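Everything on this sheet refers to the single structure shown next.
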Amino acid sequence: MNKQETLEAQYSKILQEYMNNQSEQALYAAQQFSRTALAKKVPPEEIISLQKNAMQQLMPDLSPEVWHSFDILLEVMTAYGFAFREHQSLLDTQKELKNEMEIASNVQDTLLGTSVPTVDGLEIGALSVPAKQMNGDYYHFVHDGDHSVNVAIADVIGKGIPAALCMSMIKYAMDSLPEYRKDPSAVLESLNRVVEQNVDDSMFITMFYGMYELRSNILHFASAGHEPGFFYRGKDKEFLDLEARGLLLGVDKNTKYKRYEQAVEVGDMIILMSDGVTECRTDEGFIERETLISYINEYIELPPQEIVNKIFRDLERLQHFQLRDDFTIIILKRTK
Amino acid sequence: MNKQETLEAQYSKILQEYMNNQSEQALYAAQQFSRTALAKKVPPEEIISLQKNAMQQLMPDLSPEVWHSFDILLEVMTAYGFAFREHQSLLDTQKELKNEMEIASNVQDTLLGTSVPTVDGLEIGALSVPAKQMNGDYYHFVHDGDHSVNVAIADVIGKGIPAALCMSMIKYAMDSLPEYRKDPSAVLESLNRVVEQNVDDSMFITMFYGMYELRSNILHFASAGHEPGFFYRGKDKEFLDLEARGLLLGVDKNTKYKRYEQAVEVGDMIILMSDGVTECRTDEGFIERETLISYINEYIELPPQEIVNKIFRDLERLQHFQLRDDFTIIILKRTK
Amino acid sequence: MEIQSCVSILNEWDIVAARQLGRNVAKELGFGTVDQARITTAISELARNIYLYAGEGQLCIDRLNENGKAGLRIIALDKGPGIPDIRKVMEDGFSTSGGLGAGLPGVRRLMDDFNIDSNPGEGTDIRATKWLR
Amino acid sequence: MEIQSCVSILNEWDIVAARQLGRNVAKELGFGTVDQARITTAISELARNIYLYAGEGQLCIDRLNENGKAGLRIIALDKGPGIPDIRKVMEDGFSTSGGLGAGLPGVRRLMDDFNIDSNPGEGTDIRATKWLR
């Protein structure tokens, strides 16, 4: 198609060709034409006018009734033009919003930023992927010299922007509580008070807080209603639930959190996650924790970071690439 | 129109009527028809098919060429159907996002919540309206018993969600600094360190912090690059700039902020605002501070809350109801 | 130079009369059939808004001639309840009329210029112009 | 019961051949003209994607018959570079083809079923089905 040709001439030529031979070729040309017209934002009522003009040119002797009938089609398509124009405007709005969300998600990354610590004898893998642009899951590491590696994993009930707003507060609160950092129950108890005071009544947060003592190789942990993790015993090749009881953050400001312990041997792994991992909805319903274990088992010999990457890829595919919830998984493996 | 009739029968009836008399009435019926069709999400290619079928019924003897020509129109409109279907989907996404933003904006209100203090001898009006759903402006009052009323007004460079994320951190930081609360320069200096550390390099915040001493009736204040307010001297009926110099928060962690003073007499007013008030773009360009003063002057005898409401209404109208920036204005008036 | 004709909007038939008036003026001024359809569609929307939300009002058509440029202005006036939040009704995707993309933002996009003034309790004044190209 | 015919996609003319194949099968199965147009439009998009992004591939048409329900399945196969981020290409409003609302999300909405499988470096397998009503 010659670019200098007007849309009118192009349309007329396509119509004429099709009237001569009814070829698929001409229909394909019509589709290509529509691509150009859409790119030029030609509204649909304009297309009706092109059709009518081309027909008048090619079949000038048709009865006036035929031309009248186009007035009705034009009227209807002008109303469809409303939707067409609104579409343009929505696309612009959406582009702007996407852009804003991208900036926000960068701000969030900076605000919530944490880095996976490098510790002799401990391999760590971590991955967190938001379902939408903003993440309502959160994890945080604190490497306290020779003493311990602390890990927090949290999930706001709710997704997207509201959840992200909450999380930035939690992060700030965690940073403001250095003196309690070492004790999981004390950490959850103070965060609980912050959430209860600052966040509105319909927002709750689940959190798992663990302190891995490097000298004794004991994991001390507490949970505020968070999805239970797994403890993988390397010697027996078996998975156990890392069960811990405790109320969600933000329900009752006087909640106490019990502290649990787990001794960790060489080859053992601590697997933490958010409910977005287990509540991965597939064609056959949610996957079971059993199914998840079988996925992890497949990659059990790989380094933790590779395990978490591969599990995400598999579960993403199972869900046809549409995450319903934020997805976070962390693995700590004692290697010596 | 009978609701039991199929779309096809309705269309055919409208077309027939129009072919008989070419009345505006029939065209109006066609527009009403399109309303129904759009509500039923009938895609545009279906309308072409309705037109063709109705014509075949009403003018069965037209040449085959006429019917062939509709194949081309159908092909083009099927591609327009892509846009139509995407529009439905965008509307759904947008509804979801709106909903999310509304929740987020409620979360923000709870996180940032402040109430205008009631103080004998001081009348206060405050209004903050976001340009989009989330507010990147912020104000905060602290009423410190008999000692003082403190007021902060801040504006994140940037709008919408990223700005809102930043503000929730600032609020949290302000709440964590009770011991410095009374000194404007110290407040700005500590907030500056928080912003510098936690926020990414492209985000800056302007802030005005004022402490109104109730016994001496002196306003102590400092500013981090914030839009200068006005001081209205009731006795002379004149407006002065409440000028204060200081770098934006987040630029340099060692910034020092100078503390200024203004004695306030009965009938005087302190008028604080964000640049969204002065950078209100109208058909004739931005309004001048002079123009703003003339607006304020019109309502000068009213209570502060009514003044700020009326100024917003006027400036909203001037901008044809499209705010380009978050809008915040605060007025403190000494009444005795 | 403005020559103005008006139709009172009291019932649904008056919407048709307003459309007819607009179409006649548009034809006279030399607007093509596509623009005629757009103008009458915009008139329909505005007249229907008066009928539905204000109960009664007026729809007027101005013939414009500015520096040799001809145009048509639709003026929709009513003394109805007014629009409490104009920013809201000018938002996309939430037309109260149920028409996809219709409502006031739709009318604004169909025309070249669009102005609205409304005060709660005092009524609404909408002006929309299309210029002949 | 599946009977499959294929067209190799190497150049733009093959897109037309694929469309023709799809239209013939659709007609035989008894799809109306509107659905025929939808099916060929979907074929166009998928064949064009192969031509533009993979260089070469195959477009096959299956005749389906499940529990007495007839249907047509389009299968687009290539051994091209694959799609690195499937979540991204399935998003609205950001079609790489430039066509408003077209691209893979557009095809998914035109058809009744849609499945995609793609691995970087291994190619892409897209299946889209339309059932006769």
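Order as written gives the chain letters A, B, C and D; numbering starts at 1 within each chain.
Here is the rule we go by: contacts are C-beta pairs under 8 Å (C-beta built on N, C-alpha and C of every residue); 3 or more make two chains touch, one makes a residue touch a chain.
Labels paired with UniProt names: A, B = PP2C family protein-serine/threonine phosphatase; C, D = Serine/threonine protein kinase.
Owing to the predicted nature of the structure, the values given are computational and were not obtained by experimental measurement.
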Least step count from chain B to chain C, where 1 means the two chains touch: 1
Most remote chain, CA-based centroid, reference being chain B: D
Separation of chain A from chain D, taking each centre as the mean of its C-alpha atoms, in whole Å: 27
Chain centre separation in whole Å, for chain D relative to chain B (CA means): 44
Interface hub residues of chain A, defined as touching at least two other chains: 27, 31, 35, 38, 71, 75, 78-79, 82-84, 86-87, 90-91, 93-94
Sequence positions of chain D contacting 2 or more other chains: 40-41, 92-93, 99-102
Chain contact topology (line, ring, star, complete or other): other
All touching chain pairs, where touch follows the definition stated at the start: A-B, A-C, A-D, B-C, B-D
Contacting residues of chain D [partner chain B, same complex]: 32-34, 37-38, 40-41, 92-93, 99-102, 105-106, 109-110
Partner chain A, residues of chain D touching it in the complex: 15-16, 19-20, 23, 40-41, 44, 86-87, 90, 92-93, 97-102, 115-116
Contact footprint of chain D on chain A as seen in their complex: 24-25, 27-28, 31, 35, 38-39, 87, 91, 94-95, 316, 320-323
Chain A to chain C touching residues, read off their complex: 45-46, 49, 71, 74-75, 78-79, 81-87, 89-90, 93
Contacting residues of chain B [partner chain A, same complex]: 14-15, 18-19, 22, 26-27, 30-31, 33-35, 37-38, 44, 47-48, 51, 54-55, 58-59, 62-63, 65-66, 68-69, 71-73, 75-80, 82-84, 86-87, 90-91, 93-94, 97, 100-101, 103-104, 106-108, 110-111, 134, 158-162, 164-166, 168-169, 172-173, 176, 198-200, 203
